[in-house]
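Following are the structures in question.
Okay, so chain A shows up in both of these, paired with chain B first and chain C after.
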Partner chain A sequence: MFEARLLQGSLLKKVMEALKELLNEAAWDCSDAGIQLQAMDNSHVSLVSLNLRAEGFDKYRCDRNLSMGMNLGSMSKILKCASNEDIITIKAQDNADTVTFVFESPDQDKVSDYEMKLMNLDQEHLGIPETDYACTIRLPSSEFARICRDLSQFGESMVISCTKEGVRFSATGDIGTGNIKLAQSAKVDKEEEAVVIEMQEPVSLTFACRYLNSFTKATSLSKSVQLSMSPEVPLVVEYKIEDIGHVRYYLAPKIEDEEAA
Partner chain B sequence: MGIKGLTQLIGDSAPAAIKENEIKNYFGRKVAIDASMSIYQFLIAVRSEGAMLTSADGETTSHLMGLFYRTIRMVDNGIKPLYVFDGKPPEMKGGELNKRAEKREEATKQLAIATDAGDTAEIDKMNKRLVKVNKVHTDECKQLLKLMGVPYIEAPCEAEAQCAAMVKAGKVYATATEDMDSLTFGSNILLRYMTYSEAKKMPIKEFHLDKVLQAMSYTMDEFIDLCIMLGCDYCDTIKGIGAKRAKDLIDKHRCIEKVIENLDTKKYVIPEDWPYQEARRLFKNPDVLDPETIDLKWNQPDEEGLVKFLCGDKNFNEERIRGGSKKLCKAKQGQTQGRLDTFFKVLPSNKPPTPSTPASKRKAEESKKGSKGGAKFKRAKSYREANRWPEPLTFHEFPADLARRKLWLQIIEREDWIPGDKAKICAMHFAPECYREATASAVKRLNATAVPSLNLTLEPLPNKPTKTATLRIKNSSSVGTASSSTATQSHVDDVEHQPIISVDYGHEKAQYGLKDADTTTESRKRISNIIVVDLIKDKKAKYPDKPKPVVIGESCSSCLEMKKDLREVEFQLAMVKQELTEQKKLVESLKKQIKNGA
Partner chain C sequence: MPRVTRNNSLQENVVDVSSSPEKEDESKSRAKIVSECKVHHPQSQCVMIVPGSGTLYAFSHNYTKIYEINQFDEPKRSWFIDNSVQSDGSLFLTTSIDPLFLILPYLYKAKYTSPIDQLLVDDEYPDTKKLTTCSKMQDLEKIADCKQSGSFQAWKYNEQKTLNWLEKKVSRISQHLKDSSFNVTHSTVSANYVKAAAAIVPESSFMRYAFGLVTEYLSDELTAALENHLNLPVVPKLVKDEESNEPPAKRKKIAGNPNQEPLEDYSKDQKPLTKEKLLVSAKSKALASAAKGSKSISSFFGKK
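What follows is the complex of A and B.
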């Protein structure tokens, strides 16, 4: 028996928004520690890793480990039926082939439940090693979304370079070039509005704008976002979800062509 | 062409080996393409109003059209194509080639008839059958590829074999062809529908040889033999043996020699002079160029050259050719997108392969027919998969060192018990740090300080009422088996297991067990799992007619799945009975005392 009750139903709706652009289907792995999801997009360029800890739920019960393969398109259709104030409960029997979503209105006078068929997914799990990144950049998530949107007009790919002075995002394309520089904030009124850079060595990597734009769909989950980079390893874009967990995106960098040289 | 019925067979018995993917997901991959096959395809498929495309002076240009646009389509998607042309056909292929020539003759006749009758559909069909790739076609294609800056090589013999050799050497990612031969030649990944037109919207089908072998549990040699049995280009097959029977035979006998030995010659006629050994040799050691010596280079296209070649005498539209050339140029420059799998390792999959309907049906039948052990094994497997336990599970003996042995027994709460030399604890109960560094033998061994620490307490029962209900049912059945098996139990020579289940079922009346079984479930939440391992042995002794060897998975199943298992119920029953006997004795002695006192 699996049951997870979430008071802030809107949170699940936002999580769904953050996932469904990259993934068509994914396995939700439930254990007594919480709910985890790890999946790559079809082209194996990016990876989404979602973690919702059991403590973040109002009520959480998971008798045995359970992996529920869900079609995210269908799931998002169901979650659209919930209003933002609703309390959402996810339920599944052990070895069941369906999952049930229950939406309760805050004053308890309306209760709706939706049952969805599960899928049998054969997904590869990747082992992601713990890495010390050469640069970590924290910036307001809305700022990051804006940068990605603006620069993707110029070209397919974006260079993120981080130096002592700050971080520079740039893109080049047919119409010209665009550069955005962010310096470390000198004085901070609100912590989440600060730009904070921690750097061991300067890094410059190129990424596809298309994926970065998909990542920014998670902007509503968190006020700030953290980018972690090291030379020649995937970029990590992390959005913390208050009190309950995080969603992390990994993106493989673009590599110089060996023949082109 | 290819291997008869192999696609179907793989679809049925190894569905996990087939994946579908969009062409755009192959960016950055180098792919070897069987050129002769694709040219043939183009000649058939690239047509306008049923006739091949021709230049002003009537020369065919379908192949060039196809090659140009479909190569651009691949390059546009970031794929780096490499064309491999056939060399001389091997002598063995003579028979097959003759057959094809015969078919062609037949088609010519049919065409004449159709033309007389004016049946356009038939004319069309026969015309397609008459298509043959000749030297002019291939030479023109080579010239075009050179102008496009796409590399090609000429194989000394079969193109598929050359492609396979390059895949094996890691020079290219996959072979793109429609011929299933490539798998037999050992190409690990085979892509189908790669050169199909955009308009068809056909997803690319990926076949993985390693997964095929794994799912069918074959070695490469056995797989080659299977392919020969199915029917390849090099020799005949045994009449009356189709895909299914061929697989069954190889499953049973593992090589063609043994199949022939055991075949009912009255029913099936083995072709005289069947050169299967020669065919096998061709598959295993084909004539290929050493992949290491091949230098692959993708160059800039020669736009002027292309225009001259295609627009001059072949009457192509200049604008479109220039457009295509721009696309080739554009794809050349810049960077390739990396893939996450190159940075992070893929963890071994814990999911069971999902068989398609026919295979699953077969499996279901098997498990129905098969022994109880088979079904149990399956259940154990699913349990293990659900709990993400990577195979294989190892078992560990109790330490010889007395102090440590005592510690182990304390941990499992069975201090009063002396483990026999066959008592073992499965790897589920050991933390990873308990193991020694991997040795050459690859057998996982415990280090000197290892103690069982995991999964010592059973999970709480999920659903009590149903649990007790099943307990009751199972109890009654188990009592039946227990009493029936008492006779055989006396034969047990593994005396050391007796302390664990020292209860003789037969002497006890069944109703005691029935009444008290559910009360004990509560009190015995903590049950050491070792007992179960021993219990199977006991069980084995009870059913001596059952196959002797204990599959690791099976013994593990009991270890993991005991609360659901009949054996556990039996064990609990045994404990209750033991208690009851003791109490009865006590009552008896008390009674005696009372009597004596009286």
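What follows is the complex of A and C.
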């Protein structure tokens, strides 16, 4: 028997938005510790990793480890039936082939439940090693979304280069070039609005704008986003979900520039 | 006893198969006397099958008789004529024809009572006026009313007279067919097949066949009128395959039936994808194109 009750139903709705852009279906692995999801996009260039800890839920019960394959399109449709204020409970029997979503209005006068068929997904899990990144940049998530949106107009790929002066995002295309430079904030009023750069060595990597734009669908989950880069390893874009976990996107860098050089 | 004669004016070989005694007399001078002319075929007067195509007729020497010319042509056939070979092996058959059949459409068309030489005016076929010499007054009276003042004769078409005249033609042909035991039934019968008992062929079958022969020279309107006049029995229509009581054919005929469509048609477009599917595929396609130039993420992270 699996049951997870989340007081902030809107959170799950936002998570859904953050996932369904890249993934069509995914396996939700439920264990005693919480819910985890790891999946690659169809092109196998990016990886999405979601972690929702058990203690973040109002009520969490997981008798046996459970992997629920879900069609994210269908799940998104169901979650759209829930209002933002609703309390969402996810329920499943052990070895069940369906999952039930229960939406309760805050004053308990409306309860709706939806049952969804599960899928048999044969997904391989990747082991992500603990890495000390050469650069980590923390910036407001809305700022990052804005940069990605603006620069994707110029070209298909974006260069993120981190030096001790700051971080530079640039894109080149048919219409011209765009450069956005962010320096570390001098004084910080609010922690989430700060631009914080930690750098061991300068790094410059190229990424596909379209993927970065897909990652920014998670912007509503968190006020700030953390980018971690090291030479020739995937970029990590992490959105922390307050009190419960995080969504991490891994994106392989583009190698075309090196080939051209 | 067909006879081949060299005919300069026709530039063709004319074979006369008619065997009436009076024609035998004329035949000696046939080579000189026959001249060709083009005249409207009576049926094409109303139904212009091939516009402007006249039919070839032959006149006798003094323009008192007119002959219909039918060509019988088979490929790879030539004539031996004396010591030479005529490469054109076609055969022309001349049969005498009642000029009234040729005059009838002009008479039918005419609105007013008018003399015969004014009736037979055809800009397209000026030879038509030669028909005046073939027609005698007593012949014309069979199909038209005559108004006479002195030597001036004017004619007006009379349908009743015409139908009576045609009826006589039909009955005479029918009688002839009967006498010569001509096969008028639908099915073909071998020439060598002789029935032991006299075949019982209804009178109406001969009438119907004769009617068919006569109406080959008549316009559609007149054909309909004559059919009405003769009160011919309705021809039983051939029963179509679907209506027959026979068990259905084992194999469905596809080629024979134009209404039958093939079960599957690959030439037509397949069912278009739904909008949702298209949207998803377009999005994933764009992502796939954006993924170009990147290594697979699984090459960085080992499998568990």
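Everything below uses one rule, namely that the second predicted complex is superposed on the first by the 255 of 261 C-alpha atoms of A that agree within 3 Å, B and C clash if a C-alpha of one lies under 4 Å from a C-alpha of the other, contacts with A are read in each partner's own complex, and residues count from 1 in each chain.
As a convention for this text, contacts are C-beta pairs under 8 Å (C-beta built on N, C-alpha and C of every residue); 3 or more make two chains touch, one makes a residue touch a chain.
Keep in mind it's a predicted model, so treat the numbers as computed, not measured.
Enquirer: With chain A superposed, do chain B and chain C clash or fit?
Expert: Result for chain B and chain C: clash.
Enquirer: Based on the superposed arrangement, let me know which partner A:Cys209 touches: chain B (first), chain C (second), both, or neither?
Expert: A:Cys209: touches chain C, not chain B.
Enquirer: For A:Met1, decide between first (touching chain B), second (touching chain C), both and neither.
Expert: Touch partner of A:Met1: chain B, not chain C.
Enquirer: Determine, under the contact definition given at the top, whether A:Ile137 touches first (chain B), second (chain C), both, or neither.
Expert: neither
Enquirer: Counting only touches as set out at the top, which of chain B and chain C does A:Val225 meet: first, second, both, neither?
Expert: Neither partner.
Enquirer: If you stack the two complexes on chain A, which partner ends up touching A:Pro253: first (chain B), second (chain C), both, or neither?
Expert: Both partners.
Enquirer: Let me test your reading of the model: by the given contact rule, A:Asp94 touches which partner, first (chain B), second (chain C), both or neither?
Expert: The first partner, chain B, only.
Enquirer: Report for A:Asp122: first if it touches chain B alone, second if chain C alone, otherwise both or neither.
Expert: It touches chain B, and chain C stays clear.
Enquirer: Can A:Asn65 be said to touch chain B (first), chain C (second), both, or neither?
Expert: Once the two structures are laid over each other on A, A:Asn65 reaches chain B alone.
Enquirer: Go through chain A and flag every residue that touches chain B in one model and chain C in the other.
Expert: Looking at chain A, the two contact sets intersect at 40, 42-47, 124-129, 157, 208, 233-234, 250, 252-256.
Enquirer: Provide the residue numbers of chain B that touch chain A in the complex, in ascending order.
Expert: Per the stated touch rule, the residues are 16, 21-22, 24-25, 27, 297-298, 332-347, 349-351, 353-354, 386-388, 459-460, 462-463.
Enquirer: What residues of chain A sit close enough to touch chain C in their complex?
Expert: Counting only chain A, the residues touching chain C are 22, 24, 40-47, 124-129, 156-157, 208-211, 214, 233-234, 250-256.
Enquirer: Enumerate the contact residues on chain C facing chain A in the complex.
Expert: Of all residues in chain C, those touching chain A are 280, 284, 286-288, 290-304.
Enquirer: If we count contacts the way the header does, which residues on chain A are in touch with chain B in the complex?
Expert: Within the complex, chain A touches chain B at residues 1, 40, 42-47, 63-67, 94-95, 120-129, 157, 206, 208, 233-234, 250, 252-257, 259-260.
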